[in-house]
Each structure stands twice: as C-alpha cells, then as structure tokens.
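Both complexes below contain chain A, partnered by chain B and then by chain C.
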Partner chain A sequence: MPVVRLQQVTYYYPLTETPALQDINLEIEEGEFIAVIGPNGAGKSTLCYTLAGFIPHFYKGELQGTVEVDGRSTQDSNLSDWVLRVGLVFQNPFNQISGAKYTVFEEVAFGLENRGVPRNEMIQRVEEVLEMTGIADLAARSPYSLSGGQQQRVALASILVMQPKVLVLDEPTSQMDPIGTREVFGVIRKMAQKGMTVVMAEHKMEWIAQFADRVIALWEGKIFLEGKPQQVLTDERLAEKGFGVSRYTTTARLALSRGLWQAERPLPVTLEEAVSGFAAIRNGQSKGKP
Partner chain B sequence: MNICVENLSFRYPNGVLALQGVSLEIASGEQVAIIGQNGAGKTTLVKHLNGLLQPTEGRVLIGDWDTRKYSVAKLAQRVGYVFQNPDEQLFTKTVAEEIAFGPRNLGYSKERLQTLVEDALQLTQLQAMRSANPYDLSPTWRKMVAIASILAMDTPILIFDEPTTGQDAASVGRLATIIAELKQRGKTVITITHDIDFCAENFGRVIVMGNGQVLLDGSAKEVLGQEAILAQTFVDPPQITRLGLRLGLTEVVCTPQEFLDVFETQCAA
Partner chain C sequence: MHERLSFYVKRESPLHQLNPLTKLTLIFGLILPAFLVPFYWTPHLLLVLVVFPLAFLGKVQGEYFNAATRLILPAAGFLFVMQALFIPGGEVVLARVWFLTLTQESLLYAFANAVRIFVMISSFTLFMLTTHPSELMSDLTRRGLPGQFAYVIIATLQIIPQMQAKANTIIAAQRSRGLDTESSFSRRIRALVPLVGPLVFGSLVEVEERAIAIEARGFTSRLPKTSLREISDRPLDKGLRWLLLAMMLASLLSRIWFS
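Entry: the complex of A and B
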C-alpha cells in the first residue's frame, strides 16, 4: 500500500485564476526516493507545500482532491500533527533559523526538545545528524554567523533529526558545494533505504539520475512525464520544454548529430553511462581500422 | 579599473578567521569565477571589494581607491554587489522602483536613469513584472530582481554571489547571456558559484578558494582538471571535464563541443 497518495489534486493560490497544481495523481511507496523536476514556476514548491500540509493549513486558497499520508488526509488533520509525519525543508535556506537558540547544536536539537525526547537520545541523534550533514565542527557556533551553504546544512539537519516518515525537500542543496551536494544525495538515498519516503525538488540532473528511484517532471502545474530517471531525463520532450539536462546527455545528443553516437544506444545521464558509451565508440572505431 | 587584493586577512568578531593572506589581482574587463567549499571565504572576500567588510590585515584597492578610506556608498560607484541572499538587498514596493533605487542614489540624470532601468529590465527579462512587488515573486525571480538592480547601477565592476541557485535552464542561459553582454561592454564580472559546469562554460579565469586561502588561480583549463586539489575544497571537476579525464583525453575539456572535438581527433589518431 502506498504511503503517500494524491488523488485529483488541483490547487489555486488565493486570488489566482490559474491553478498552480492541476489534476495531480500520485502514489508513493514506502522507502521510495522521488525527484521532482521542472522549470521555474512549474509547481515544485507548491507540490512540496501540499505534501507537507502547508497547503491548505498555511496557504489558504482552494485545494481540490485528496492528499493522504498513511490513509489520513491533510484536510482532516491539523498542521502541528502533520509536520511530525511529513517534514519539509524549505527552498529558501535563509530565514529558516528558529531565532530561539544560541548554537547550531541547540538549533538542530530544538524540535526534539519540544517533543520531550530524552536528553541522551537527543544528544546522540543530533550528533549523528550533524555528522551526516557535514557540520559537526560548527556545533558550538551561532546559527546566525554561518555561510550560505552552512545555513542550508543546518536547515536540513533540523528536519532530518526529526526522522519524519515522509521527508519533503525543496531544493535542499541549492547553496551547497559540489561534493557536499553529492554526499547529501547519498545520505538521503540511505535514509530511503531504511524506509523513509523522500520527495525532493531539484535541478541537479546528474545526482537525480544516480540516486533517485523515480522522476516526476512538472510542467505548468501538471505531471508531464514520470518514470525511471534514465527514461525521463533523456526524453526529447524535456529539452524542448526547457527542462535542464545533464551535460552527458547534451554531449551524446551532439555526438548523435555528428554521427558518432549510434541511435540504438540509449542516451547517458550519468558519468558511468557516458564513459561506457564513448569508450564503446572508440573501441568500435579502432576495430574498424585496418 | 583594476582590483588589487594585498595579503588580505579577515577575522569575524566571533573569532572565525575567514580569510588568511589572500592576494590577487583582477584586471579591468576580466570575467572571473570564484569556487570552493561552503565556508571557504568566498562571500567574505567579495564583501571586501565594496567595503561591506574591512580588512583585519592587508588592503584592497579598487582602482586607486583603498577601501579603508572610502565609504560603502562611495564604493558603490565602482562596485555593484548582488547578495547571496537577495532578501538582504530588496526593500521597495515594486520591481521597477527597486531597480531605480541604486542608480538614483548615484545621482544619474533622469534620462540616464530611465535608460539604465529599461536596459536592466530587458537583460533580465523582467519587463512583465515591473510593477510587481518583489516579495510576491518566487525566490528565483527575486534573485533576478536583485541582479537587475545592480546591472542598472552601471558600475565598472559587478559581483554576483551564487546567481544560478535555483534557476532553471532558461534562466541560467539568460545569466550566461548577461555575463557575455557585460564582457562586451568591458565590465569586470566576478561570480561566485557552485555550478561548476556553468563556471566552465562562461568564465575564462577561475579562482579556487579553500579555508580562507586561494588554492588555485588560472584559466578554466588550467584549474578545472586538477581533481585532487579541487577535492580538498569539496569541488568536483565539471561533468565534461570528468568525462574527458575518465576517457584519458590528453587535454582538459570544458564544454561538450570541446570534448567531442578532442575525442574525435584522438580516436582518429
């Protein structure tokens, strides 16, 4: 049975006439890692808010259809209960600091403290999460005196530490350095393997291809394409609609147009696929030589 | 107008030593990318160029101006800075007012002001949103407004702090066009970015920072193939460069075209 189920979801922000989400049907299994892609304004954040209960509880407007997690719908729950099951990391990492705490450690511990988690368990969980997000060395620092990427790591850690059943991440690596980004994808992948259900809005195709189970491509509030990363991310229609593609795919398309890449060979989305594709081309050519 | 950073060190009041002996020169009209891990000191460095921060040691010259002797308002005639967090920068009620604010403060004539605002709206493709309140726009468009408001100041030096974050392919393309246009106009552009592919495709010179120091400084080709040093500061080479390295190409490649050209030549050899 799916953990998350959206049926016929359509949503209008207050005072708007075009829906920001339209006829969304989506079922997500426990432990699945879903990547949501789409150009600016496609509805990625709106979908995140809808899953996390901020729509309809914080953003009013008009929500049609049903949004269910574990058989309970957002409309029938209140936000304070909902956030315990569905954690959201916001797109804008700035302004996510609670304002109540003096150190990064306390900031990350805040949610657990509020829920009365025993002190020893709390300390252990916070330390683990600080390590995972690469900010263990900042534990004693003030959450206000951090670089952009460090702030984003604190925001991520503060939600991860709560171990929500469903984790919703809205561009969680937008300020992160490249290797940090890859590591965060790896951490999320592991959490999903342990049973956490993950929905992540992202633009970084290389890591989506390598780590996500399924890709949902949004376009003007609708699900435009959906499927395995390799299949969705190499679909011709994505590039036409202005979705980003990995450089591996771009390069192979260019090679195709130069008659180097054979049409039968699937287009690559990861480094490994590109390496093996081009290595095969080179071997083929050297065999062809006298 | 040259930029000269001499042996710059900076310590925040909380004791963090964010820059340690940074020296570099940027010539008039150069297009430079600064990359490096979170907390490396990139933002701290560029905040010294417009006087938002003052050196603990060393000095910074913008042309013949020592930043210690000029106010931020005065330095704004020479250096425009787009904040990493656009919300630190935006405060007026409409996009057009926001964009006009900077150049008006610089005392430009009414006609020039109008031309500059229209030019900035056009470059960023914000025309349709000119009357919107910046706070009603998505974070990605707010970043564009922040960029437009600096473009309109028409300074010889422009600094963009993470302009590509959250931008889709079309907007990243628009940014590339803006940077190319600024180059045409002879402007100096300094861009901090974690998007190494964008860096490889749009900047001639790349400065790599780690731990408050400059680790590498050179052309994109010289710098972006140095996997081991880049890894010290949590940077992977660009996708295309990694592909070239893995296939054993003898030349560092930065763009798909370059990759294919070199690949084809080496296959034929």
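Entry: the complex of A and C
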C-alpha cells in the first residue's frame, strides 16, 4: 500500500484564475525516493506545501481532490499533528531557524518541546539526530553563527527529530555553495539509505540521478513526464520547456549529433556515465582500426 | 557578533541558581521600597547594602559596575541636575545663578530620586546579567504564559542584531550604486527611502517563511509543552518570593501609614 496518495489534486492560490497544480495523481511507496523537477513556477514548491499540509492549512485558496499520507487526508487533520507525518525543509536555511533558541541543541529540540515530549527522551532523540546529520560538534553554537550548509543541516535535523513518515525537501541546496550542497546531500543520502520516504524538489540533475528512484517533471502545474531518472532526465523535450539539463547530457547529445556517441547507449546524466560512454567510443574506435 | 545576543553572563553563582521568577520578584522587591518607604535614606541604603553586594554575590560585579558607570550613572546624574535646578520651592537657598535657584530641599529631593532610578536600573541590569532569556521564558511559559507571547519576546531579542546586519548590507549595496548617505541633511533623509524599503519588505517575506518553519515544528500544537531546560524552583525560591512580597506590602503600608 502506498504511503502517499494524491488523487485528482488541483489547487488555486487565493485570487488566482490559473491552477498552480492541476489533476495531480501520484502514489508513493514507502521508502521510495521521488525527485520533482520543473522550471520556476511549474508548481514544485506548491506540491511540496500540499504534501506538508501547508496547503490547505496555511495558504488558503481552493484545493480539490485528496491528499493522503498513511491513510489519512490533510483536510481531516490539523497542521500541528500533520508534522509527524510529513516533515518539510525548504530553501532558505536562515529563515528556518526558529529565532527562539540560543544553541543548535535547543534549536533542534524546539519541535519536541512543542509536541510535549518528555525531557529525557528529548535529549536522547536530539543527540541521535545531531550525530546522524554530522553536527554534533556544533551543538553548543548559536544557530546564527553557522555557515549555510551547517544551518541547513540544523534545519534538516530539526525536522528529522520529529520522526516524520515522509520527508519533503523543497530545493534544499539552492542557496548553498558546493561544499554546503555536498554536506546536505550527504545527510539526505543517509536518510534514503535508512529507508525513509523522500520527496525532493531539486534542480541539480547530477545529484537527482544518483538518488532518485523515480523522477516527476512538472510543467505548468501538471505532471508532464514521470519515470526512471535516466529516462526522464535525458528526455529531449526538457530543454525546450525550460527545464535544467545536466551538462553531461547536453555534451553527449552534441556528441551524438556528430557521431561521437554510440546511438544505442542511453544519454548520460552524471560525470561517471559520461566518462564511461566516451571511453566506450574510444575503445570501440581503437578496436575498429587495424 | 552573532554569538552574543543577550546581556546574560554565564557564571556559577547563587544568584544564577535562583529561579527566574524569584529574581523578577526581587527586582520589584527592591524598586517598591526604594520608591515608597518614607524614610529618606531608604534608596541609598538599598543601593549600598543590597544592590552592590548582590552584584558580587552574582559574580557579575565587573560587568555590573561597568554598566553602572557608563550607563546608569550618566542617566541618574542627568536626572539629578535637572531636578535639583528646576524643582520649585524650598527655603534654604544655597546658590542663585541667573534665573536658577538651588535650594537644600530640591538638592536632597533630587539626590533621593536619582538614587531611586539608580536602584531601579541596577536591579534590572543584575537580572539580565544573571538570567538567560530562554530560561526566563521557559519558566514563565510553564507557569501559564502563552507560548506565542514568549516566542515574540525571545525572537525580538534575537532579531535585532540580524536586522542590524541586514541594514548594513543594504546600506553598502545602495552606496555602491551611488546612493549619497553622507552629505546634507535633506539628502540623507531622501536616502532613507531606498534603504528602509528593502529592509521592511524583505523582513515581511521572511516572516512568512519563518511562520512556515516554526509551524513545521508543531508550534501551534495544543499539547502541553515541555522544556529542554530544567529550571530549578527550590523551597528557598518560594520562601524568598513570599518574603519579598511581604516586604513590598510592608513598604506600601508604611507609605500609607506615615503620610
């Protein structure tokens, strides 16, 4: 049985005529890693907010269809209970700091205090999650004194400590430098390996190709393509619709048009696939020549 | 600069160990007698015999006397001069300069008032030096203060340095695009517009995101909240609070009785 189920979901933001999401049908199995791609305004964030219950509980507007997680729908639940089902981490790490706490440890414990978790259990859970996200050494620091990558891991830890069933990430690394990106994706990879169900909106195709079990391409609020990362991320139609395309795919496509890529070989998304593809060509040529 | 967001000084002292509410009561247990008890030397004695020793008891004497000489003394001194010179009445004239008259009565009155202000600001200063803001808020929330209220107080304390940093960034950005912030007064006023706009609107956008962020951590949950900080509330605290309340009441009564 799927853990997340969206049926015929259509959503209009308040005072808008065009839907931000239109007829979305989606089922996500437990432990699956879903990547959501799409150009700006395609509905990635809206989908994330819908899963996390902020639509319809925080943003009003009109929501049609049902959003169910673990057999219960958002409409029948309130937001402060929903956070135990779906945890949301978004782009700007700075704005995710509560502002009510003076140390990283307290910051991560904030959600547990709100949920009335007993103190002993709280300390244990916070310690575990700090260890898991690799920020145990920052526990006594002020969350404001950290780098972007560190702050985003604090934000991740603050959500993971609530032990949600599904983790929703809305472009978690879009404001990070390469080091921050690697740190944050490192934690996400660990969570995926532990069998957590993850939905991640992201632009960085090379990372998606490494993580995702399934990719959903949104365009103008609709699901435009859906499938295995390799197949979706190298689809020809992506570039013309304004999706980001991995530079390795672009390179290989150009190579293909010049006869420098084996036609039967799928186009690469990551550096590794590209290198092995070009290596195969070179080996093939050297074998072919007398 | 981001590491230090409050006046709190972390030390091990009997004053630090007191429950925040006890210390809050202590503030008023000092201020009320200083203002109400009709005996003239009350505020002076309180200052020398209670406030100063408390600073040593709390092991914050360095920070306290620093603040006292740089902040509290000038404020109280200013008040003293103004009151001494401008309070009318009094028979024993000490000096007359132009239209100003200094009498013995106004001098004594101004002196007592200045010391009262000194006691008042001092007790708040000692409170802030020895009480962590989160500790205060957790304790008050536990006693029934709404969580939203506590959040607003703490978040405001934390947001001020952030806003300052952001304002500096915006000023630098606008100046690098040729905004004149250093010439005539009217130009400076006009320069405010492109500075305040981004700061205010930027902050409003952030408020929405921050609301989502704390909501995602169950902020509006109706369950009774727990606290990571353990706040001690010993029998000593309770006893002290009753004693202080009795003292406040006594000073109020003394005022009514003797006047």
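Here is the rule we use: the second predicted complex is superposed on the first by the 258 of 290 C-alpha atoms of A that agree within 3 Å, B and C clash if a C-alpha of one lies under 4 Å from a C-alpha of the other, contacts with A are read in each partner's own complex, and residues count from 1 in each chain.
Everything below uses one rule, namely that a contact is a pair of C-beta atoms (placed from the backbone, for glycine too) under 8 Å apart; a residue touches a chain by one contact, two chains touch by 3 or more.
This is a predicted model, so every value here is computed, not measured.
Partners chain B and chain C, brought together by superposition on chain A, clash.
In the superposition on chain A, A:Ser145 makes contact with both chain B and chain C. Residue contacts after overlaying the shared chain place A:Met162 against chain C, while chain B stays out of touching range.
In the superposed pair of complexes, A:Asn92 makes contact with chain B and with chain C alike.
In the superposition on chain A, contact of A:His203 is made with chain B only, not with chain C.
Of the two partner chains placed by superposition, A:Ala280 touches none, neither chain B nor chain C. Comparing the two interfaces of chain A, the one with chain B and the one with chain C have residues 92, 95, 141-142, 145 in common. By the touch rule above, chain C contacts chain A in their complex via residues 2-3, 5-6, 132-134, 137, 147, 150-151, 154-155, 158-159, 161-162, 206, 209-230.
On the chain B side of its complex with chain A, the touching residues are 12, 14, 16, 36-40, 43, 84-85, 87, 138-141, 162, 165-172, 194, 196-197, 231, 233-236, 238-240, 242-243, 246-247, 256-257, 259-260, 263-264, 267-268. Touching chain C in their complex are the following residues of chain A: 52, 54, 58, 79-81, 83-84, 87-88, 90, 92, 95-102, 105-106, 109-119, 122-123, 126, 141-142, 144-145, 155, 158-159, 162.
On chain A, the positions that touch chain B within their shared complex are 38-41, 45, 91-92, 94-95, 134, 141-142, 145-150, 153, 171, 174-182, 203, 206, 242-248, 250-251, 254-255, 258, 260, 271, 274-275, 278-279, 281-282, 285-286.
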